[in-house]
Amino acid sequence: ATNAPIKIGVPGAQSGDLASYGIPTVRAVEIYTEMWNAKGGVLGRKIEFFAEDESCKPELATNVAAKLVGMKVDGIIGHICSGTTKAAMSIYRDANIVAITPSATSNDLTDGEYPNFFRAIAKDSFQAVTAANLVKDLGLKKIAVLHDKGDYGKSFATAVKELVEAEGVTEVVLFDGITVGAVDYSAIINKVSGSNADAVVYGGYHPEASKLVTQMKKSNNDIPFISDDGVKDNTFIQVAREYAEGVYATGPEDTSSNKMAQEAIKLHEEKYGEKPGAFFLNACAAIESLLKAIEIAGTTDYEAVRKALQTNRFDTTLGNIGFSETGDPIGVEFKPFQVKDGVYVEVK
Amino acid sequence: MSNKVLEIKNLLMQFGGLKAVNNVSLDVNKSEITALIGPNGAGKTTFFNCVTGVYEPTSGDINITQPNGKIVRANGLKPNKITELGLARTFQNIRLFQDMTVLENVMIGRHTVTKANIFNAIINGKKTREEEQRIIHDSYEILKKLELDQFANEFACNLPYGAQRLLEIARALATDPQVLLLDEPAAGMNPQETISLITTIEKLKSEHDLSILLIEHDMHLVMNLSDMCYVMDYGKLIAKGTPEETVNNPVVIKAYLGEEF
Amino acid sequence: MSNIEILKKSAINALLGVLLTFPITVIKVNTIDREITWRWYMILLVGSVVFLISFLWIKQLERQKAGVTFKFKESKIGQRYHTTISKPGVLKSVLITALVLITAIPFITSPYTTGIITSALIYIILGLGLNIVVGLGGLLNLGYAAYFGVGAYTYAILNMNFGVDFWVALPLGGIASALFGFIVGLPVLRLKGDYLAIVTLGFGEMTRIVTENFDSLTNGSSGIAKIPKPSFFGHTFGSFGSTRYIYLIALAVVILVIFIVWRMENSRVGRSWVAMREDDIACESMGIDLHKSKLTLFIISAAIAGIAGVLFAAKNTFINPQSFTVWESIMILCIVVLGGKGSVRGVILGALIIILLPEYLRAFQQYRMLIFGFLLVVMMVFRPGGIIQNVRKVYKIEGDLTNE
Amino acid sequence: MDVGYFFKLLLSGLTRGSIYALIALGYTMVYGIIKLINFAHGELYMLGAFTGLIIASLMSYAGINPVLSLVVATIVAIIYSSAYGVTIEKIAYKPLRKSQRLSALISAIGVSMFLQNFVLLFQTSDFLSFPNLIPDFKFLKPVENYLSSAQVLIYICTALFLLGFTLLVKFTKTGKAMRATSQDTKMAQLLGININRVISFTFLIGSAAAAIGGVLISSQMGQINFYIGFIVGIKAFVAAVLGGIGSLAGAVLGSIVLGLVESFGTGYISSNYEDLFAFVVLIVILTFKPDGLLGKSQKQKV
Amino acid sequence: MLKIDNIHTYYGHIHALKGISLEVQQGEIISLIGANGAGKSTTLLSISGLEQPRSGTITFDGKELNGMTPDKIVSLGITQAPEGRRIFPGLTVLENLELGAFLRNDKKQIKKDIEFMYTMFPILGERRNQLGGTLSGGEQQMLTISRALMMEPKLLLLDEPSLGLAPIIVAQIFEEIKRVNRDYNITVFLVEQNANQALKISDRGYVLQNGVITMTDTGENLLKNDEVRKAYLGA
């Protein structure tokens, strides 16, 4: 049984409106399995992965989780959305399987309920601190806080609002949720300018962010735009192009100097003919950590792997990271970035 | 004049500028057959629609005498209420429940005279089962009377046109009406079929103690059946009398029957 | 058409298919590096797939035109089946065996299979509920998922705040949802056809939006997690056991709902709903109160959805507004129409297809939803009335069988 | 309250409304002819946008002048969306003409799913930036903060389509054939009308409108992905119903009302409930006018 | 002119026409009579191509009609005023009439013809801008006939044209059929329940029973035939 392949489950949204967040993860795992298998696999065993689509629907996630458990996978990279992760986690826990998500950021996930849960991304409340500090450092007096009504965007926005208000220097003049997928955002932009805000803080993902930024700038409403790591994504710059200039976003430490990240991106471009999408680097870090942990543990045994994950640090596309007792990443520091000449550079 | 079952006074129905029914008064007497005739577009069907609640008349009075002698004013009531008051109708353009069987079409007609509600249905107690059996039985009896029993389990839409007309009558009859309103029951029937329809209607009338108001262009049927005849033209009543009087009335001949008749 | 002709036609179709899909399949632009990838091999791929499909498609259409439809009853197996089944006692024993087998499923298959079949059971309940409005009443409801959501949230919220147990929540979910159905029903009484459809869609979306924004009650888009699975007189099961347990509960509810629907369908009230679907004006003239009928339909179908919702919440232990979107409503509608509007057996089959098909199409990986969409079209084109066409009940007339 | 703010919201509402209208017009045309809620209509818009993007990119990488690219890209997008529209009708709807309407609706849903995943698979799941193909109009310089050239083009196209479709339906022979076909296909055939051609033609122009919408709206928004059709499709459908399905002017009016409600709702209350306002207005209007704003009464004579 | 040879038409599994053959000569008026459900309307629908016979052939002026689409058949000069009137409910009387002339291009003559229909049926003239769906039954029937006449067909198929019409109009309709046959040389194929009147104006007639033709003769002879009189004329 020792040379049976190691099985990794990759559940996530691979169809439907959130497919663009899930597919990059599948690709990351694919690239890494090929890479590792080329080197001879882990513990002399080949790696196999199983991508399972749940369209970010909790009810499908439970089915997918049961399926993966039934297949006796040795680890999970996923799920993608916080909702599906919440729905599936107890199933993995009861089956003693570790799961590392590249993207589920909800705070509740690491409240200690799931010892088998890890994430290669910082939780929502974490980055809000960075964003709130940025607001302070930029000396903003009045801000408008917007979000996409989603789990992630809304908790980021709420956290920023609370932090800023606690500070007492900056006033939140507007707090509102926008509709994802709307064809036009001029009404909310008018509302922002009507509120006389000095800046916009936005919680959500890059598609809406780029629409907002583009429309704001097109109507000469050029106030600072501050957002989260859902926006600190190259796709954002690619889509918003010149309008992305000057946008602030919080995100994990700069990876442009990270060799592994560059390598992974290159492999992706070669294999798929396009730049990787959202959470690709997080997914790379997740799979890398998992494989290395198995290697260190010398077995796929649950307790051993979990220990290995919690007690070691791993060189990944996100830098040198480790995992806390609750599963939150260590070493994934959040820094403010700004788009300058078409790339995100750290704000010092 | 206590034998009026249906009394309509000065009925007016306006569509925009058009007075489709203009100040028409008409009585239906108990156990009589009253005919309403007139040229095409005279307003006969519209008159029916007002009486049965499909349209709300612009003005006028519709009074229905209940079996207990009470007179109910029926203006503006919804069609289902009017049916409950004992008026049942057929449609000029056949409106059967196409995808239901012939028997079921008639069973629907028994709706007003039965009671089972959802809870009864689910529990399906003895009473409910008996009622259901009774509905089936009664409906089948009515089909037999109209010689439609051979089609009982056919879909209504597969019936020949003439049989569909009869089924309309059967369905109306199933509501146990006092007054039956028939809109061109003989349309699309050949003379032979019309003759048997005449017998059928007479039979139904006596067996069910019905009063009938009918619209028809087949004068043979009108002459044979009706006790009283009203003639409409351009929304107005232009004549009223026994069938014989009517066919000899020059006004009616000019407007409706033509010289040849 | 001869085979050669069909082949020729398919070849032309393949060519057209290639032309039509050319920009999307062959050209891929990279807007960042301003590069273009030409994937010429796609022509071959698309061409051969279209050719194959077109051939089968035309063949089947020809067969249907010639009136060759497969009729189970007339086939050899079908006849044997019918003669066997009509033997006294046989039907009963077949049904009992089936029931035993179905009950045994969770004990002989994997939790995954049990899980998806439980999902399918929940969707059977939903399908049956929607079938009452759409199939029997002929009222198109595009917001059905909202009722479902109300049921699920009723359990989740009551449990979160008051620790209400599953068994208490089960009827409460139905009642809450019925109340909601009543509220939705009121303003739509006068509406017909697609206007009704769009208003129900509107209500569905409104409900979702409110759920998303009413943080203090519903926890907003974060959803409600850790909803307890049902207990058995205080006894709780492990993850495996509770999967089985929920399956059995869902099965029981399905059987109950089938029974209720069946009783209603064949009653005076059920008949009046069908009549309303067929012709509302004539129906009213038969003394049936349309408003009352419509309201009753809405309320009952909502109650059924509400119960399904409670089950759903208990099965998944987590719910968020994402599970109750228009898309869900549409899928439930697919179940009803695909299976055969108005037919209970059809709805059961429809739910099994709509829920299990995408699961078993997982083998096709990323092509799964593509194939699923395509199969929906195929099934409708070749079986437009649904898989099981509804037949009206044939009533036996007591003491008068001579005429038959 | 602040008048300037009011006007800004008004303008936002009009823009959003005319975007909906551009899609809703095609929706209504198709609905009018075969009484089918064509769920795949939004997908035709999406395909138009993708085709437009591909062609425009091909041309711009070849160094061709942007205005010419815009024109060619739009034309190719129109051709392709129309071809898709007509093909869909032939494959998925035509065999269902005699069946219940619901069956065709499910078929349409299948098509919609198929097309979304088709583009997802063969193009990308990610968002693509859509080049700004529309040149800045000089005459808009003074009001550029309020009105972009894309917006102006969208207004103009909506107006032109409304006018064009209305004239077509009301005054041409084809239009008469369309109206006859929509009310009774059998009878239309008995009068010598080739209903297949009429229906195809309707899909063709409806899809063409969607394609133009796809190119223009995407230029204005600056990004596309395979899913953009679904939401817009639903909104356009709501707008069309609000205005009275089958009525062209109704589709535009419904769209504008929807756009304005959403805009003012956002501006004066909260964008959290933007869609909620839209649906509340829909329900209120339909409660009082069950046939939509400009719809013909469905009341039939018996 | 029109030759039907042994056609079988089905509605799903219902075998409605069981091998019908008949012939219509140029310039004739032909009646088809039969009881309810005999298959008269089905025969007309088969000729127009709305129901495709599963076997057998229909030829018109030497051309085979099988497999042709209805609009193609109409363009050969065969028009039908179908059962159930089939007025376009959302179009006005005028528009319905204009559509009758869909295949014609002589605008001026069309206008004149419409005016003519209004003189023939004055009530239609009064209702010219009313929606077809709100007309009374008889008005619709008049409109159906007028609309068919607007086509200027070579062969006119009429399915129960007198249904629901006032006696005075019925008489007029039969006069009118005779007139168009005589003056415009339009061949008429008439399906009627009013067999008396129909046979009176017909050159020949066919009797249809349960999807089979059981008798054919001249109109006069059929009127005299005892069986026919008993079964269809109510004598």
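Lettered A, B, C, D and E in written order, each chain numbered from 1.
Just so it is clear, contacts are C-beta pairs under 8 Å (C-beta built on N, C-alpha and C of every residue); 3 or more make two chains touch, one makes a residue touch a chain.
In UniProt terms, the chains line up like this: B, E = ABC transporter ATP-binding protein; C = Branched-chain amino acid ABC transporter permease; D = Branched-chain amino acid ABC transporter permease LivH.
Fair warning: this is a prediction, and the values are worked out from it, not measured in the lab.
Chains that touch both chain A and chain B are the following: C, D. Set against the Cα centre of chain D, the chain with the most distant centre is B. The most central chain, judged by the distance from its Cα centroid to the centroid of all protein Cα atoms shown, is C. If you average the Cα atoms of chain A and of chain C, the two centres end up 34 Å apart. With centres set at the average Cα position, the gap from chain C to chain D is 29 Å.
Once the centre of each chain is set as its mean CA position, chain A and chain E turn out to be 73 Å apart.
Work out the mean CA point of chain B and of chain D, and you get 48 Å between them.
Contact of a single residue of chain A with at least two other chains is seen at positions 15-16, 149, 177, 238, 274. Multi-chain contact residues, meaning those touching two or more other chains, occur in chain D at positions 117, 124, 128-129, 272, 275, 300, 302. Residue positions of chain C with contacts to 2 or more other chains are 28, 31-32, 213, 281, 366, 369.
Residue ranges of chain A in contact with chain C, taken from their complex: 14-16, 51-53, 56-59, 61-63, 66-67, 69-70, 82-83, 86-87, 90-91, 94-95, 106, 108, 113, 149-151, 154-155, 177, 238, 273-275.
Within the complex formed with chain D, the chain B residues making contact are 45, 49, 54, 91-93, 95. Residues 11, 14, 33, 35-38, 83-84, 123, 127, 134-139, 141-142, 160, 163-172, 193-196, 230-235 of chain E are the ones touching chain B in the complex.
Contact residues on chain D toward chain E in their complex (touch as defined above): 173, 176-177, 179-180, 183-184, 186-196, 296, 300-301.
Those residues of chain C lying in contact with chain A across their complex are 28, 30-32, 37, 110-112, 114-116, 119, 212-213, 220-223, 225-226, 238-240, 243, 312, 315-320, 322-323, 327, 359, 362, 365-366, 368-369.
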